[in-house]
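Just so it is clear, A, B, C and D label the chains in written order, and each chain counts residues from 1 on its own.
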Amino acid sequence: MGLLDKEFSEGNIIITTTENLFNWARLSSLWQVSFGLACCAIEMMATSASHYDFDRFGVIPRPSPRQSDVIIVSGTVTLKMALRVKRLYEQMPDPKYVISMGSCSNCGGPYWEHGYHVLKGVDRVIPVDVYVPGCPPRPEALLEGLLKLQEKIRNESLSKS
Amino acid sequence: MKSFEEISKLLINQFPSINFEIKSDVKFEPYIIVPPNQIDNVCLFLRDNIDLQFDSLVNLSAVDDFNGEKTKDEQGNDIMKGGTLSLYYHLESIKYRHKILLRVLTDRDNPSVLSVTSVWNSANWHEREAFDLFGINFINHPDLRRILMPYDWEFGHPLRKDYQNPEFYQGMKVPY
Amino acid sequence: MIYDFFYNLTGSALFSGLFVAIMPLLTFILPFALFAVLLERKVAGHIQDRLGPMRVGYHGLLQTVADIIKLIQKEDIIARENDKLLFNIAPVLTFVGSYAAFAVIPFSSIFLGANLDLAIFYIIAVTGLVVVGILMAGWASNNKYSLLGAMRSAAQIVSYEIPTIIVILSIVMITGSMSLMTFSENQTQYFWNWYIFGGPEFNLKKFLLIPFMFVGLIVIYISTLAEVNRTPFDIPEAESELVSGYHTEYSGMKFAIFFLAEYANMFAVSALIATMFFGGYHSPFGYLGNLLNIPWMIPVEQFFWFISKGIFFVFVQMWLRWTLPRLRVDQLMTVSWKYLIPISFVNLLIVGIISLI
Amino acid sequence: MSVRTEEMVLNMGPQHPSTHGVLRLELTLEGEIITKVVPHIGYLHRCFEKHCEVMTYPQIIPYTDRMDYLAAMCNELGFVIGVEKLLAIQVPERVEYIRVIMAELQRIASHLVAIGTYGADIGAFTPFLYCFRDREKILNLFEITCGARLLYNYIWIGGLSHDLHPDFIRLTKEFIREFKPNLRELNNLLTYNKIFIDRTANIGILPLETAINYGVTGPMLRASGLRWDLRKDDSYSIYNKFDFEIPIGEGKMGTIGDSWDRYFVRVREMEESIKIIEQAIEQIPDGDVTAGIPKRIKPVVGHIYSRVENPRGELGYFIISDGSATPFRVKVRAPSFVNLQVLDVLCRGHMVADVIAILGSVDIVLGEVDR
C-alpha cells in the first residue's frame, strides 16, 4: 500500500464526496457495445427500443468497443466466438463492466450437456460483474441487472482497493 | 408431374450400367440408392432432362447409420468399425412440382463421394457441412473446409455417433 | 470590440488577445455542447416515441455532465500500432478548426471577438482545418475502417465547400462587404429587412431577390449539413458501415473532444446561416429595450435572439438526423457536383444581375 | 501509366453493428468496389442436431424455437407437422386455426424486425423503433397465450400447450386496427423515401435462374419474380381454407429482384398475413386443444421430410425415426443457411455501403444459419 493510501484509507469528507461524484458519473452514463449474439440480443434490442427504453438510464449503444464501458454478453458464446469476445473485452478502455445476459452466457444454458461447440459460461473467458438469469431474460430482468450493476458501481471506492 | 415409378424407370433405362436399388416399400418416402461414384452424372441427367427438370436441390442430409460392429474401449464409450454413412438428396422440380429422394451409401472409415456442386450451387455449403460434421470427403468440391466448427478443430467430426468431447480447446475447458 | 475593451483595460496586447481567444470557449461553447448533446438525445427520444435520459438529474438534465465526468475517468488507449504524434494532435486540430470560427461570429452588437472585415473568408479558411484533423485521425488509428472513413470525409467536405462558398458569394455581392458585422448591421430591425426577404432597401430589387434567397438558403443548408458530417451525409462516421468511422480508435477524453468539435461545428454553421439570411442578432419585432428605454438591455436581447436562431437550426439538423437514411459516397458526390454546384452558380448569376439594376 | 492498386481485405464482423449477429464477411476491396465476399459462419453453431439424437420428441420443441429465434412459432410448426405425419395422427380443427393465427402473427413480428433493422442499416434509425413498437403489441399477444415473449414451446405434438386467452380475439382485432395506419406511416417514412430508394433500387439484383440454382427460397425468391410459396404450392395445415395472394417483385423502383423488391415483398406479405388472421379469427371453431396430445410418442421406423413457409424461406425437417422415443437423426434445412450462399453473387461490383444494404435485404438470422 503506497504512502498516500495509508493517508486516505479511512476516507475523509473530501475523498468520499469526490468518490461519490465519480461513481455517480460512471454509473449514470454506461455506454454499451452494440454487440449481440443470439436470441438474448433480440431482447436487448427490445429493451433499448421505445417500450422499455434503455436510454432513460443513460445507456446508449456505441458501435466501437473503444468508447464503451459495459459489454452485455447477450446469447450463446460458442468456442469459435469465445476468443473474439475475449479480444473485444480487452479492447475496451479501463473502468469496464460485463453483464452476462441469459442462461447461455451464464452457464451454457440449454446447451450445457450436449453442446460440444458451446462455451459453458462466458466467465471462463472474461470476468463477469452481473449475471441476468432467464432464457431469454425479459427486458425488465435486464433493466434490473443494469440497476444491480449501477448499485455495484455506486459502492466502488478508489482508495480502498 | 411424374410419379416415383416413372422417374425410376426413366433413370434405369438411361443408365443401364448402374445397378440402382429402388426402395418403394419404405415408410413415407420411397428413394433410390445410387453408387457414390455415379452421383454427379445421375444428378446432371435429372436436372437437364426435358420432362424431369429437377432444377433445385432442396436438402442434402448426411446420416451416420452406425451399423458397423461396436467395440468398447477402456473408458467404456464405444468405437465403431466398418458400417456406412449415407447421404440423402431431396430434389424437386419447380416447373413440374414433382419430388425425388436419392440415397448414397459410403463406408464409414474413409467416406468419399463425388460432389454435385457443379450441378446445383446450393450443394456447396451443404457438402461443406457434411464434411465438417461427418468427415465425408467430397471429390472436386471447390473449397472443402470446415464451415461450422472452428477451422483448426482437430478432434474429429462431432455429429458421428461415437464422438468424444475434447478436454480443452485453446485453453478453454469444453465439457461442463 | 471585446479586444479593444480589454486592450484599454489591461494595456497589454498579449493578455487581451489570449482572453478573447478563451472567452467564447468557456462562456459559450462548453455549456452549449453540454446542452446540445442532451437536446439531441431528448429530441431523438421524443421522435422515436420514447423519453430519452430521465434518471440522471431531473428529467435527465445532468446526463451530459455525467458523460463528461465519466469520459475523464476513462483510460486513454493509444494502441502500439498507432502513429502517436498524429493520433494525439488529430482531435485537437478538429476542435480548433471548428472553434476558431467563433472568433468572428457576432453574438450581439458589442459581443464580438474581432471585427475582421474579411470574416467570411477567415471562416471558410479555418473550417478547412477540420478536414486535416479528420484525415490525421483516420490515418493515425491504423485501422481499415478509420482509413475508409477519413478518405470519405475528406472527399465529402472538400466537395461541399464549393456550393457553400458560391452561395456566400451571392450574399457578399448584395451586401458589398465580407465582414459579418456589416451583414448583421444591414439587416436592421424588423424581419422584412432580412436578406431572406431581399435585404433592407425597399425597392423592386428586394422582391426580385426573395425566391433566389430561398434557393440559396436551401443549397447552403444542405452543403453545411454535409460539411458538419450530419445525416443524411454522416458517412465518415457511418455507424452501420464503418463501425464508427474515423473515431473508431479514440476513447476517453480524445473522443470527448471529437464529440465537442462536432457540436461546436454544428453551432458555428447554424450561426453563419442565421447571420447571413436571418438577420444575425437582430430581433424580428424590435427590442423591448427601446420600449422601456433601458439601453444596456438591447445587447442582452440581441444575444438571446442570436442563440435562439442558432439553436433552431441545430434542432432542424437533429430532426433530419433521426428521420432520413444515409446516402452512399458516390450518391453524395453526385448531389454536390451535379445538383448543388450548378444550382448555386445559376443562383449567383441571377443575384448578380438583379443587384446591377 | 497504370496506377498499381493492390486489393485490400476488410474483415466485417463477427462484431459489427449491422451483420445481424455474429457473421464475419471477408470483403476483398479495390478502393471501395467489392471484388469478392467470403462469409464465415459457425460463430453461433449450437449443435441442434446433436441434441436431437439424445432428446425425446417433445423435448426437442424448445430447441427448435432457439434455432430461428425471430420466428419461433413457425419452427415449432414445421417440426410438429413432421412428427404428426410420422405418427399419422389428426389434429382437432381448432388447433389448426390457432396454429395458423400464431404462425401469421409470428410472420408479421419477424418481418417487422427485418424491415426495422434494414432501415437502421441504411441509416434511418427511427423506423427501427417504430417497427419494434408495433412488434411489442404482438409479443404481448403471445405472452398472454403462452407466457413467453420470444421462445414459446407452445405448439405441441398433437395439440397446443394452452388454449387461447379469453380476450385474445379482442386484442388481436385491436392490434390489426392499430397496425394498418402504422404500416402506411412506415411506407411513407421509409418505402417511398427518395434516399432509401437510391440506396436500395438496382442494388444486389438476383436473377431468377441463379436464385433457383442456389436454392434460394422465401421473400428473396418471390422478389425475383417467381410466385412460389409453400402455403399455396405445397399446402400444409389449413392454409387452403383462406384466400390471400402471394406478392412478387415487379421491379417498381428498379429491376426485378433488387434489394428494394425484397424489402417491398416483405411489406406486402405483412398485409397478406393480416388478411389471413382476420379470416381465421372469424371462422375459429370451439374445441379442446390439449385432448389430442398422445401420452407416449414412439413413431414407427421411417423417415419424413416436412417443410413449412418460414418468414425467411422454406424451413424443412428431415426426421429419421428408428422406432424409439428419440429420433435417430433430424436434419434441418434452414432457409437463411441456403439464402446466405448467394451473397457473394449479389455483392460483386458494389460498394461497401451496398454490402450492408444487400445483407439487410437478404435478412438472415444467425441462429438458423449456424444451427
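To be clear about the criterion, contacts are C-beta pairs under 8 Å (C-beta built on N, C-alpha and C of every residue); 3 or more make two chains touch, one makes a residue touch a chain.
The structure displayed is predicted, hence computed values, not measured ones.
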Chain whose Cα centroid lies at the greatest distance from that of subunit C: B
Chain occupying the most central position, where position means C-alpha average: D
Whole-Å gap separating subunit C and subunit D, where each centre is the average of the chain's CA atoms: 45
Distance between chain centroids, defined by C-alpha means - subunit A, subunit D (Å): 31
Whole-Å gap separating subunit B and subunit D, where each centre is the average of the chain's CA atoms: 26
Numbers and ranges of subunit A residues touching at least 2 other chains: 49-51, 63, 80, 116-117
Residue list for subunit C, restricted to those that touch at least two other chains: 48-50, 239, 243
Touching two or more other chains - residues of subunit D: 17, 42, 45, 47, 50, 129, 133, 370
Residue numbers on subunit D that touch subunit A, as the complex places them: 14-15, 17, 21-22, 42-47, 50-51, 54, 62-63, 66, 69-70, 113, 128-129, 132-133, 135-136, 139, 149-151, 366-367, 370
Interfacial residue positions of subunit A with respect to subunit D in the complex: 33-39, 41-43, 45-46, 49-51, 63, 65, 75-76, 78, 80-81, 84, 88, 110-111, 114-118, 135-136, 138
Of subunit B, residues touching subunit D in the complex: 26-29, 55-59, 61-64, 88, 90, 94, 97, 101, 120-122, 124-125, 133, 146-150, 158-159, 161
For the subunit C and subunit D complex, residues of the former touching the latter: 44, 47-50, 144-145, 148, 231-232, 234-235, 238-243, 322-331
Residues of subunit B that touch subunit A when the two form their complex: 148-150, 158, 163, 165, 169-170, 172-176
